[in-house]
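One chain, chain A, links the two complexes that follow: it is found with chain B in the first and with chain C in the second.
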Partner chain A sequence: MNRFGALTLAIVLLAALVLPNFLKGYGIYLMSMWAVLSIAAMGLNLTLGYAGQVSLAQGAFVGIGAYTAALMMKAGVPYPLCFVSSGLVCFTIGWLLGYPALRVQHHYLAFVTLAFTTLVYLIFRNEEWLTGGTYGLSGIDRPSFFGLSTNGALGFFYFSFGIMVLLTAAAWWMLHSPWGRAFVALRENPVRALSLGLDTRRYTLMAFAIGSSIGGLAGAVFAPLVQYIEPLSFALDLSLNLLLMVIVGGSGFFFGPFVGALIAVLLPEWLRFIQGYYLICYAILVMAMMAFCPTGILGLVQRGVRLVAARRKAQQPTLLPERTSS
Partner chain B sequence: MSAVLEVSNLRKSFGGITAVNGVSFDVHEGEILGIIGPNGSGKSTLFNCVLGQLTPNDGEVRIDGKPTTGMRPCDLNRLGVSRTFQLLQVFPQLSVRDNLILAGQEHQGTMFSRLFGASDAGMGDAASQMIDFFRLSHLAHEQAGSLSYGQQKLLDAAMAFMAGPRLVLLDEPAGGVNLTMLANLRERLQAYHAERKATFVVIEHQMEFVMALCTRVLVLAEGRVIAEGLPQDIRKNPIVIEAYLGH
Partner chain C sequence: MATFIQLLVSGLATGAIYALIAVGFTLLWQTSQTINFAQGEFVMVPAFFILEAMYLGAPFWLAALIGIALSVLLLGLTFKLIIVDPMLKHGVLPLVISTIALSLFMKEMVKNLYSSQAQPFPALVAPYDFHILGAVISSQSLAVLAVAISAVVLLHLLLHKTRLGRAMQATAQNPTLARILGISVRRMVLYTFMINAVLCAIASILISPIYLAKFVNGETLGIAAFLAAIIGGFNQVRGAIVGGFLIGILDNLSAAYISSTYRAASPLLILIVIIMFRPQGLLGRVEERTV
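Here is the complex of A and B:
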């Protein structure tokens, strides 16, 4: 990351830390939701944006993580253990879901993951003895750490924001290791990658498993944020929304999901004044965005930066040798 | 001289079409074997069968005496076998340097040790050397996709050498490259061969390139070997002239 990027990141982090102090309860709740959805979209960006594996199952993994954490918390298990278990359960299921990706690609893979999302939704809805069925699970407590409660809106925002920063740092570190390069190779040219010694099978499974586990961890924060979970929250709508966040923010850009999640959370609020028409407006905005900037908002920013740099370069005076009088 | 690659009676069919029909040949250490033949003679299918991209219907492939028929390309690469493809196969979004690091990183430690190791997997110096060797220093940090076709061909070849392979199979390295770049590529391949004593197998249509680079030439037509010998002999062989050159 260059100096400009580091400075921008520092300003955004500082703003995110300070801003909630000037917001009311609902505003702080929205910021916490942004943090949770950013985590989930970051996991999908790893699977889709970096490794190129289409997935419509990220919402299901958020659900699995949320139910795992909620059930364990209600059984009296300490929150850190619930959090880690959500990630591990989703890692395992994600690894298994990766196997179809070894045989099918693109829209076929999208259908496999779509079927998985439907299956998970049906389990949440029908297995009442475990999940509470359509009634869901209520009364999920917010965790306390070393005597510090996250019960208040501000306390929970700082908790979810902290988790988001930690997971972002971990993802940054992983994507800047040789694994990140291998994931990009998997997306861009799996045949060549295989011929260069990359075990594309293991990397594909790993991309699915890690992306899913990050989704599960988002779910483990989502459950105590809303304190009540039910199957509909994790149906196909959530998976499609997460996909939209990744695409609108900029698929394959590290910070794309954060921008995408911000728009997905804030846009409905900004468009509230047009009441029922907001979904129509949202759809038109997304269609325009995809038509004119398929690389997402960060792709647009990158194009702008490159254009400015190219113009500056062109405007620089060419150094000519001084003329000598003959 | 020991055989690095032994191919015995290899056969590959697609439905009713037999693309490779009982091909056998050896490649010895330090040799540059050229494989030529008209379009559709089975050259690339032969490469793909040798390199695990396709499973042959019959026959055997041995690398250093070890049977490798049907082995996965990534496992073959770890045995020291590398390749380029007929069509350009670089990673366009990665920089030239990252393309080269990627081409060698899987030979460093295990998958998990690479996660916790250096971001260049200890291949940074080797990548710099390869960039210098293929005279790509001024492009090291450019995205591979922004390079000219000829420069990408050079990078493509350089990637095949990153892991220090014993055997390199080059599929039409000169395809679509202009004459200046072609001379540069040939000169770099010869220099690499002289320096590292690597063994090459080259499929190529550009006859001057094959004649100048290869120490032995094998001619394929309709999936069979029709001639084999020194480049100067192959050039005069009437069977080759009839089957390949068409006059």
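Here is the complex of A and C:
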């Protein structure tokens, strides 16, 4: 990452820490929601942006994570254990689901995950003894750590934000480890990665399973945030929204999902005045973006930065030896 | 036994509708590598064109024709020229995303401009029950089967017995060679989009009296058609037909004999079994991957 990027990141982090102090309850709630959706979208970005597979089940995994965490918390299990279990459950299910689907080419995973999302919704709705059926699960407590309660809006924001930063750092570390660089190779050129001896099928499956488990972890934060979960929250709409977040932000860019989630949280608030027509505008926006700039907002930014850099280079006298910047 | 026959016939009827949708879906894939995630919505929308035409005073047969014509114009021509064409150069993924956004767009348009309530839709034939071997079979099911099968037969004749159909097949199999032989590949691809729109509109006319016309119908119909196409074989029209009937029958039988709350689950299970043991689908050919 270059200096410009590091500076932007520092400013954004600082703003996110300070800003909630000036917001009212609802504003802080939206920021917490942004943190949760960012985590889920970041997981999906591994599948979509790096492995190039469309998953329409990220919302279902958020749901599985949320139900797992909520049920365990209600049974009195300490929160950190619930959190980890959500991730593990989703990793296992993701692996089992991806194994058959990723054996074949095309976008089979998209169809399998589409059907899976419907199935998960049916299970949430029908298995009343476990999930409470259409009534859902209510009265989910917010966790407290070392005597610090996260009951207040501000407290919970710092909690969800902290988890987001931790998971982001973990993902960053993973993608920059020798093992994780394979995911980047997968994004850049899958055929070349294959001919270099990478087991691309296994890495694609891994990307999907890890992405799904991150979705589950997002669910474990989502449950105590909203304190009431029901099947409809995790229907196909959520999966589609998460997918569009990754695309709009810029799939394959590490920070794309965060931008996409921010837009998905803020846009409906800003576009309150057009009410029901909001989703229509959003859909048109996405189609236009796919036609003119399929790499999303960060792709646009990158294009702009490169343009400026190229102009500056052209203006500089060429006699000086060029300094390479990383 | 009587209930079994009843379920089988109604399964065949829904299966025939799924087959129509799946055939259109595979046609688009074969000629232009378009995976249309809005296929379910392509079936949901024509019913509303027809309802609107009837509201303006047209009799049902005229409204149906207007509906089909509008579908060809909007879901065939406009879809191809405005959404698919600018996207093809970016590859498969952006087009997939774009059709997902399109499905959202169509759903919301119907919900906002028409109604979020389910609308009654006129049936093709007067309701009448036939009693065969103790089973009650509705005229509705038989009419659906008759229309769907004749549509498929007509399509088959078009593809295999006419010069135009052969040109379209050549385009699907080898676009470069087709171009060398003087076939206008662009026009052939456009024709398949129009045929897809006709098939979707016919499916819409057949399914709407059963499920009522509702903006969310596309989801289940789309999933059923995708599954049918994959199970039968993505690159074969015959495969899509077999897959459609299979899904329709299994859907009805499992709803009656296993669990009605989990009827959506059985096609998924079949899908996974098929993918594990015969990834190219029941009738599909194995496709080579090109670098």
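Methods note: the second predicted complex is superposed on the first by the 303 of 326 C-alpha atoms of A that agree within 3 Å, B and C clash if a C-alpha of one lies under 4 Å from a C-alpha of the other, contacts with A are read in each partner's own complex, and residues count from 1 in each chain.
One rule holds in what follows: contacts are C-beta pairs under 8 Å (C-beta built on N, C-alpha and C of every residue); 3 or more make two chains touch, one makes a residue touch a chain.
What you see is a predicted model; the values in this text were computed from it and never measured.
**Q** Could you tell me if A:115 is touching chain B, chain C, both of them or neither one (first, second, both, neither)?
**A** second
**Q** Which partner reaches more residues of chain A, chain B or chain C?
**A** Of chain B and chain C, C contacts more residues of chain A.
**Q** Which holds for A:199: it touches chain B only (first), chain C only (second), both, or neither?
**A** first
**Q** Does chain B (first) or chain C (second) touch A:177, or do both, or does neither?
**A** first
**Q** Should A:191 be classified as contacting the first partner (chain B), the second (chain C), both, or neither?
**A** A:191: touches chain B and chain C.
**Q** Enumerate the residues of chain A that count as touching chain B in its complex and touching chain C in the other.
**A** 191
**Q** Show which residues of chain A lie in contact with chain C when the two form their complex.
**A** Interface residues on chain A, with respect to chain C: 52, 54, 100-101, 103-108, 110-112, 114-116, 118-119, 122, 126, 191, 236, 240, 243-244, 247, 276-277, 279-280, 282-284, 286-287, 290-292, 294.
**Q** Can you tell me which positions in chain C touch chain A when the two form their complex?
**A** Residues of chain C touching chain A: 35, 37, 83, 86-87, 90, 92-98, 100-102, 104-105, 108-109, 111-112, 219, 223, 226-227, 230, 234, 261-262, 264-265, 267-268, 271-272, 275-276, 279-280, 287, 289, 291.
**Q** Taking the complex as given, what residues does chain A use to touch chain B?
**A** 174, 176-179, 181-182, 184-185, 188-189, 191-200, 202, 252
**Q** What residues on chain B touch chain A, complex-wise?
**A** Result: residues 51, 53, 72-74, 77-78, 82-83, 85, 89-94, 98, 101-103, 105-108, 111, 114-117, 119-121, 159, 162-163 of chain B touch chain A.
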